[in-house]
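Next up: the structures, one after another.
Two complexes are shown next, each including subunit A; its partner changes from subunit B in the first to subunit C in the second.
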Partner chain A sequence: MKRDKSAITTFEMIYWIARAIFLIIVIVSVVTLVRLCITTQSNTEELEANLLVNHFLYSPDSIVYYDEFSGRPMLGIVDTGRLNDMTLDSAFSFGDKNTMLAAKIEIYDFDSKPVKFVAYYNKPYYDGWFPLTGESGAGAVSEYPFSIYTLYSTPDGKINKGIMNITVLIPKS
Partner chain B sequence: MRLLKHKRGTELLQDILLLVTEIFFVGMVAVALMSYAGRIKDDTLYYKIHHAKDISFLIDAMQSVPGNVLFYYNESFGFKYNFKNNRVEVYDPEATVSFTYSIYYLFANSTNLNFIYPASPISKEITETKTKLVFKKTDSFEINPLDENIDYRVCPVISMPGNTVEINAPSKELGVQVLLSMLKIGTDKNNPLIILEYGYVSDVNAEIYFKLNKTERLSTLRGIRLACLISNNLKSQGISSVILPSESDRLKNDVSVLVNLDITQAGKSLEKQIAAAAKRFLNEKR
Partner chain C sequence: MRNKKAILAAPLVDFWSIIIFIFIIIVFYYIIQSTVGGSEDIKARQQTLVTNAVLEAYLRTPVSVDGKEIQMSQLIIDAHITGDYTKLIEESNSITGKFPKYGIDIFYPDRQLSINRAASLYRYNQVSSFIPAPNGGTIKIILYLPYD
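Up next is the complex of A and B:
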């Protein structure tokens, strides 16, 4: 049987086009894999959130009850007299413009559950970032919630049991 | 596709040509990737980011500590560090301008804590490859290159009780009298302000005991302060030491200093360092 030359040419063209496409896919895959293996960034969001919360809980400049007579901060006891936006902002300040972190602190009464005290750290950015939580990709915001059993002092000097909920927001870079 | 026509064996030749072309493209990509990997190998970008973040988080964490902190940071690859305006910049030592290939990260500071930034970028080479940074948090926050003059321990600063105790600070230069292994410090030989004794516990360990005059013997913390100053002075000579409760029966003190000497320092006279610390202790403003 005589071979049809045009058919052979067509067959070979299709074969080489398929082969070229396959080659391109292989090359792109290799390049992508290499780039994936080389990373210059490390995700430290959770660590930063923990640092902020620990600063609020332990630093004498923050919201913990501070005994001026002995010079000791009473860890685990929140001084509600100092639980306000200004104290929080000055306790962990990044300068005039804080684009690093924002947080909301709520203290619930352990028994009766209503929110007794609320304060914000970096409130303007918290309000702007909160709607972006839950989204993915650059420009979105990560949310790190903390719930801590605590004691809190009331303005009349009493100490009550409570739960402190801290929500830390960090923009994804 | 037929590149060559009307010749025998052209089909085979054509296949070979296409295969060679294919191999050429793959080779080009491989060479490009190797070159990229070679550049990445010498790139310090990751290390700069790591250091900038690590130092920032260290400063953040130190500020949360309720007490005093002294921290030596020697995880370095010989970068240059610049601290200003709540941020640490890390860049190559040969870079003439800080923003050339620099990486920075922000750290927080409490507005109640006075930050003392170094006046110029830190690149002091302590060893061939390492730069040591010293972070000190007391009433203020200081960042310094490692300096022989810095206090190696944060010695407690003791606030003395109001007018309940009157201290007659010596008006003249303190005399130092060395009696074998005993130092008497004070202007009055018969009533010295401090008596220090030291003896060798073993070939490589010496222990220093001291007794404060009743005018100086105000609190345990004052004793710890003196022990701390002695320890720092010895450290400046490369001699390590620990502070521990005294077990001496002869001198009933609250604390003593156990000095660890290596073989080359065994038998070394320690009087000079001890006396200098004691002088400083007595001359301090209280």
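Up next is the complex of A and C:
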């Protein structure tokens, strides 16, 4: 009888160790799941960069070639006559002091490497933020590069094939 | 005797608690997965706008044929009329050569032309456009672009 009792106690002790391990797994899982469900920080930087690029590509107030006869922006064609800092700044205005976004647009000819046209959106901040790209932590700047096949118009009205590189800079908060 | 009964019942309770726990984890996993899918959807929609602008540029690309300048969309139709797709493939390849992740499919009423088949590995995002075929039907052009 005595032997039986001690065997039961030993068995129960081993059993409770297994239970304790299972309990730890449950607690860790619950904490992990709760932490996954609660979003304390949402990063919208990439979304903002995409919105800016889409605005450049689609808005008739921006750099897209605008056909006055039909009143339609000709998507996919960049009007190089409008590709300047002033047009870009007025197309997407955040007021006098824009501390949210900056961008650079470069247009290369399709066959030759040298840059044909360059324009900046929010140039003062672009120049200030660019050296801070690649750093981490608060005060650093995120860089979002885009490379898109495009067409561009020349002042004589000719349409050429080109490559448009857009670099969007967004400061990390 | 009572103790013996309890010893037999305990493993059963533990077994069911493990089963229920696994079930809860699976349910939560699917709930979290559906939330992640939402943000991916926003990303894909954003990218569709860029892909659409690229397709417009592709269709408006100026091409020189016999000293005459026409648009790529016209070349797509002409190639179907003449049955000579060499120039169309050559011009399209020159674009996908610079942008290796772009893929283009052209569906004629009677045949399909694929430019840069390797891009099919990245087919996450696609936009299409239609051109009326000269002998009836439509020509469908699809541009594939991966999103990063």
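Simple rule for what comes next: the second predicted complex is superposed on the first by the 133 of 173 C-alpha atoms of A that agree within 3 Å, B and C clash if a C-alpha of one lies under 4 Å from a C-alpha of the other, contacts with A are read in each partner's own complex, and residues count from 1 in each chain.
Here is the rule we use: contacts are C-beta pairs under 8 Å (C-beta built on N, C-alpha and C of every residue); 3 or more make two chains touch, one makes a residue touch a chain.
Nothing here was measured: the structure is a model prediction, and the numbers come from that model.
By the document's definition of touching, neither partner reaches A:140: not subunit B, not subunit C. In the superposition on chain A, A:132 contacts neither subunit B nor subunit C. In the superposition on chain A, A:16 makes contact with subunit B only, not with subunit C. Of the two partner chains, subunit C is the only one touched by A:149; subunit B is not. Of the two partner chains placed by superposition, subunit B and subunit C are both touched by A:47. After overlaying the two complexes on the shared chain, residue contacts for A:33 are found with subunit C alone; subunit B is out of touch. When both complexes are overlaid on chain A, the residue A:58 reaches subunit B and subunit C alike.
The residues of subunit A shared by its contacts with subunit B and with subunit C are 12, 19, 47, 51, 54, 58, 75.
Subunit C meets subunit A in the complex at residues 3, 7, 10, 14, 17-18, 21, 25, 28, 32, 42-43, 46-47, 49-50, 52-62, 94-95, 98-99, 102. If you check the complex, the residues on subunit A that touch subunit C are 8, 11-12, 15, 18-19, 22, 26, 29, 33, 36-37, 46-47, 50-51, 53-54, 57-58, 74-77, 110, 146-151, 159-161, 163.
Interface of subunit A with subunit B (complex): residues 9, 12-13, 16, 19, 23, 27, 30-31, 34, 38-42, 44, 47-48, 51, 54-55, 58-61, 72-73, 75, 90-95, 100.
Only residues 1-2, 18, 22, 25-26, 29, 33, 36-37, 40, 45-46, 49-50, 53, 57, 60-61, 63-66, 85-86, 106-113 of subunit B touch subunit A when the two sit together in their complex.
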